[in-house]
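First chain A sits with chain B, and in the next complex the same chain sits with chain C.
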Partner chain A sequence: MLIFSHWIIVFLLAPLFVGVIAKVKAFFAGKKGPSLFQPFFDLQRLFQKDSVYSRTTTWVFRAVPIICLAAVLLLALLVPLGPFKAPLQFTGDIFLAASILGLARFFMIIAALDTGYSFEGMGASREAFFSCLCEMILFMNFITLSLAQHSISLSSMIGGNLPLSWKLWGTVLILVVGSFFILILAENARIPIDDPDTHLELTMIHEVKILDHSGVDLGFLLYASAIKLFVFAGILIPIILPIEPVNKVMDMLIFLGGMLAVSIAVGIVESTTARLRLNRVNHLLLIAFALGFFGFVVKMWKG
Partner chain B sequence: MALFNGGKISLSNIPVLVVEKFRAQIIESCGESSRLVNLFGILETNGYLRLLAVLGVDEEARLDILSTFISLESPQYESLTKDLTQAHLFEREIAEQWAVKPVGHPWLKPLRYHSNYRQAEDIWQGINDKIIPGGYPFYAVEGEEVHEIGVGPVHAGIIEPGHFRFQCHGEEILHLEIQLGYQHRGIEPMMQGQDLRRSMLLSESIVGDTSIGHSTAFSEVVESLTGCSITPRAQAIRAIALELERLANHVGDLGALGMDAGFLPTSAYFGRMRGDYLNLLLILTGNRFGKGLCRPGGVLFDIDNKMANDFCLKLKKYRDEFKDVSDLLFTRPSVLARFEGVGIVSPKDAKEIGLVGPAGRASQMECDVRINYASGMWQFQHVPISLGATGDVYARALVRSQEVLRSLEFLLRVLPSLPAGDIFVAPGPMKPDTVAVSMVEGWRGEIMHVGISDNQGGFGRYKIKDPSFHNWFGLAYAMRGQEISDFPLCNKSFNLSYCGHDL
Partner chain C sequence: MTSWVDVICITVVFLSLIILSNYRVAAMIRIFAIQSFVLGLLPFFLHAFCISNRDVILGVVTMVLKAVLVPSILFWAIRHVSMRSEVKPIIGLSASIILGAMIIAGAFWVSLSLKLPGKPASDLILPCSLSTVLLGFMIMVTRTRAVTQVLGYLIMENGIFLFAVSLFDVMPVLIEMGILLDIFVAVFIMAIVVNHINEEFEKNPASVTFSKMGETF
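Let's turn to the complex of A and B:
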């Protein structure tokens, strides 16, 4: 039951979250922008279409959209969403979370190579490189949080009384939040790391790998990336905002407000900065790592 | 023999040199103050191909014209390219159009993949049979870690077809070869013949976004050959339309640069502002791209006082808007980080390649037809040249934004004080067997049309040169040692025409 309520939330809210980002970007460009529900319409359109497959591809290519969607749905179960506790939690589940991300990425990369297309190979190689750095950042922050909360289960590391310890651990948490926000941008192919709207194959990182997917497959991949963004924001919010399982309505409102704030923040970053030059992306990721590392150092120093 | 922009010369008065002398003189002049503006062949009736070279002496506003004969019994001559890089595409064009081989050309490949014009055997077997690029290899870099990326001719965006072949080491580009020709329509032969009204309409379609530039050049060629001098008012209206075309395209380009750098606000604002300028052309000519305005003898649409006032008011508003948005673009550190130091063409290389237009000016080349070869309105109203210092994407963007401001200034100066008079004078018949040249500074740079009249009142040969013809190689060169992910940005900073190259 808990599992299904979790999935219903991500299915319903994740595309909306993408819609909010698009709306913020449109606002900054002086446009009216598409409806908040446009991502749903796009998905509906894609689900009505057939997929086209290149003759050089094998079953790997066809399996990947399902694997990716399944992976993020599994990931979603590890994360508390507002008043709904994570249905799946056990000691050490952070390793499962990281492995699920790695699994999805691995299949994305080999599917890209499966097409035998030079762009996709290029995108795959970029993804492989940047995701190495992303995993470092993820674990750095997990280490700090687990030290703060004395737990290596995602649900107890975030949320609980963590937001209340901002007075105590303000420095640490602000470093973690900064680091994690950059990670969200990087993991989800947003500006300044990647440009989700570009049509230019040579500059793409994430988009290039889904170039050859179409129809339902593409719909699955887009749904998966929307859910991934949602889940990442879902990890960030309980670090900042107190969500106590007392008043369910209040918690839901706080959670939704937090989500809205994160999506607006992502939209503002996308609207006010240009994309980084590709050979500078690793610098930004290393900055995020350094922030996380300093968070860890401060935590160790202060005990 | 010296000519001025818009001048004409009888075919028999053009000096003829022997091939060796012809070659030596071009190379010598280009080593000094000249540059190769045009080089093309004319088929003679006596079994010879006449090569005609036009050299531009920018500082003296002079065009030197010289020629040589090549016997078609042994259709070859010693290539100029070995000693003069800027001749390389011209020689490939001659080899393709006339099946005359420049011996020793370092990279003799077809340009547009069509059979030659004199129904002889082509230099390349079966050039017209296979799809582009046919059986001709691309320049390849070998090595275990080197990989090749081919982009196009079908692109993910809505742009013209062209094939780009990158030789890369990781993310670094070692070499880029650009293969065009997909847009070849054979427009040069179509321009020839007796029906000038048809040629006029064709000239507006040579490059869709430079309709005014090319139709002005065509009109000037016909006016030169008929000895028709158009009224100052017509000259002013042509200049106004040319600047509006420049404004629309430069503003659009700046927006596109913003988009490729991933900077949304300016791309949206500039995209809208481009429409404002196109709408002014719509008010003036009834067509957003200014088709139907220029005709030999003048222009077809007048600007009355009310329209001039209206334009001035609007342009002042557009100028303020432009300043705001370009400040936003050029002061944003994350944008500058993308623009600066990317795709550098040094002044020395720019001169060697023979860059023209904003791309040349961004590399400190003082090339602007409006200044160096002033004709028409530009003789009376000057526009300062806009130069960039660094030759990178930033410089090319900056030159565009400077030119936008200077064009606006020019329009605001000219519009309130338009010369009085008619806008059209009917031209007479064309002088036979005469060569007329016309240069126009289109928004991409130097457009040159050369018309050679026959003795039946039409064109025996018509040669078109779009600035893109000079600049495509500049783009390929600028990419060396750059990151492959910077290619789209760099490409947009040149924004060259595919159909202008392919004709």
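Let's turn to the complex of A and C:
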């Protein structure tokens, strides 16, 4: 039951989250922008279409959209969403979270290589390089948080009384939040790292790998990336905002407000910064890693 | 109030890390100005709710001198010398960032065994000032342009300032002012020297390539 309520939230709110980001970007560009529900319409349009497959592709290419969607849905179960506790939690599930992300990424890369298209191969190689750095950042932040909370279970690491310890660990948490925010942008191919709207093959990382997918498959992949963004924001929010399981309505409001704030922040970053040159992206990721590492050092120093 | 001092400390170290990872001289100078501004805020937060005249004077002088005057002199220098805007690091930027992170860890480790005579406003001041000094030193060693080396020196001075502020109550304000004046004069002399190097090279342009201007080696 808990699982389904989790999935319903994710399915309903994740495209809306993307819609809010698009709205913020339109506002900064001085435009009215598409409706908040545009991602839903896009997905509906895609789901009505058939998929077209190249003759060079094999079953791997067809399986990947389903695997990616399943992986992010599994990931969503590990994260507490507002008043709903994570249905799946056990000691050490941060490793499961990281390996689910790794699994989805591995199959994306394999599918990109499967098409035999040189640009997809380039995208795959870039993704492999940058995600290797992203994983370092993810684990650095998880180590710091688990030290602060004495737990290596994701939902007890980020939830609980962590936001209330801002007085004590404020400096550490600022560093962790900053590093994690860059990680959100990097993992979900947002602007300083990768442009989700561009279709210029030479520069893109994530989009180039879904060039050959069409119809329902493309819909699955877009849904999966929206859910991934939503889940990452869902990990960030309990670090900042206190969600105590006392008042369900209040919790939900806090959670939705946090989501809105994160999406606006992402939208502002996207509309005020330019996309980084490809060979500068690893510097930004390394800075995020250094931030996380600095947070770890400060945590160790404070004891 | 201690937590604000903490926030300023980690911001200063973080900004030095950003300067270390930057490849444009102008951006480096701008971030240095932000770092000095943040440092200038520090005296206001040292004594909770009872800001004395000394705090105000030190903070304002620091901000005016290091966040406005010194950056504008540096900007004047790079514009006048018209050298290329990219830094030329000896080791790559990625390696610099990782090395910087290691330097921070090392500074924290070393400060475990350092004991201060008085009790500083925050226990982060000592390790953060040490990290800033070392990061500034690293910028000085691994960048080949004269202006970036001066920037490294200024970041080192920022680290020393952070440390001096923790001993602010036992130190006469005159010494800090003297140091600030020295910094100002040093940057001024540097700008003049860089300018003279440029003029000297302009006299016989055939003997030296354009990109070598303002480089020390």
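In this section, the second predicted complex is superposed on the first by the 303 of 303 C-alpha atoms of A that agree within 3 Å, B and C clash if a C-alpha of one lies under 4 Å from a C-alpha of the other, contacts with A are read in each partner's own complex, and residues count from 1 in each chain.
In this section, contacts are C-beta pairs under 8 Å (C-beta built on N, C-alpha and C of every residue); 3 or more make two chains touch, one makes a residue touch a chain.
Since the structure is predicted, the reported quantities are computational estimates derived from the model, not experimental observations.
**Student:** State whether chain B and chain C clash or fit side by side on chain A once the two structures are superposed.
**Tutor:** On the shared chain A, the partners fit.
**Student:** Of the two partner chains, chain B (first) and chain C (second), which one does A:283 touch, if any: first, second, both, or neither?
**Tutor:** A:283 contacts chain C only, not chain B.
**Student:** In the overlaid three-chain picture, which partner chain does A:247 touch, first (chain B) or second (chain C), both, or neither?
**Tutor:** In the superposed model, A:247 contacts neither chain B nor chain C.
**Student:** Applying the document's definition of touch, where does A:297 land relative to chain B and chain C: first, second, both, or neither?
**Tutor:** second
**Student:** Where does A:275 make contact in the superposed view: on chain B (first), on chain C (second), on both, or on neither?
**Tutor:** first
**Student:** Taking the superposition as given, does A:58 touch the first partner, chain B, the second, chain C, both, or neither?
**Tutor:** Neither partner.
**Student:** For chain A, which side has the bigger count of touched residues, chain B or chain C?
**Tutor:** Tallying touched residues of chain A, the top partner is B.
**Student:** Which partner chains sit in contact with A:28 here, chain B, chain C, both or neither? Use first/second/both/neither.
**Tutor:** first
**Student:** With both complexes placed on chain A, how many Å separate the closest C-alpha atoms of chain B and chain C?
**Tutor:** Least C-alpha distance: 8 Å.
**Student:** Please write out, lowest number first, the residues of chain A touched by both chain B and chain C across the two complexes.
**Tutor:** 280
**Student:** In their shared complex, at which residues does chain B touch chain A?
**Tutor:** Per the touch definition, chain B meets chain A at residues 147-151, 156-157, 171, 258, 260-265, 267-269, 272, 332, 334-335, 337-338, 342, 483-489.
**Student:** Of all residues in chain C, which touch chain A in the complex?
**Tutor:** It is residues 3, 6-7, 9-10, 13-14, 17-18, 21, 23, 93-94, 97-98, 100-101, 104-105, 108, 123-124, 127 of chain C that touch chain A.
**Student:** Quick check on the complex: what are the chain A residues that touch chain B?
**Tutor:** 25, 28-31, 118-119, 121-122, 191-192, 195, 198-203, 211, 270-280
**Student:** Which of the residues in chain A end up touching chain C in this complex?
**Tutor:** 167, 170-171, 174-175, 280, 282-283, 286-287, 289-291, 293-294, 297-298, 300-302
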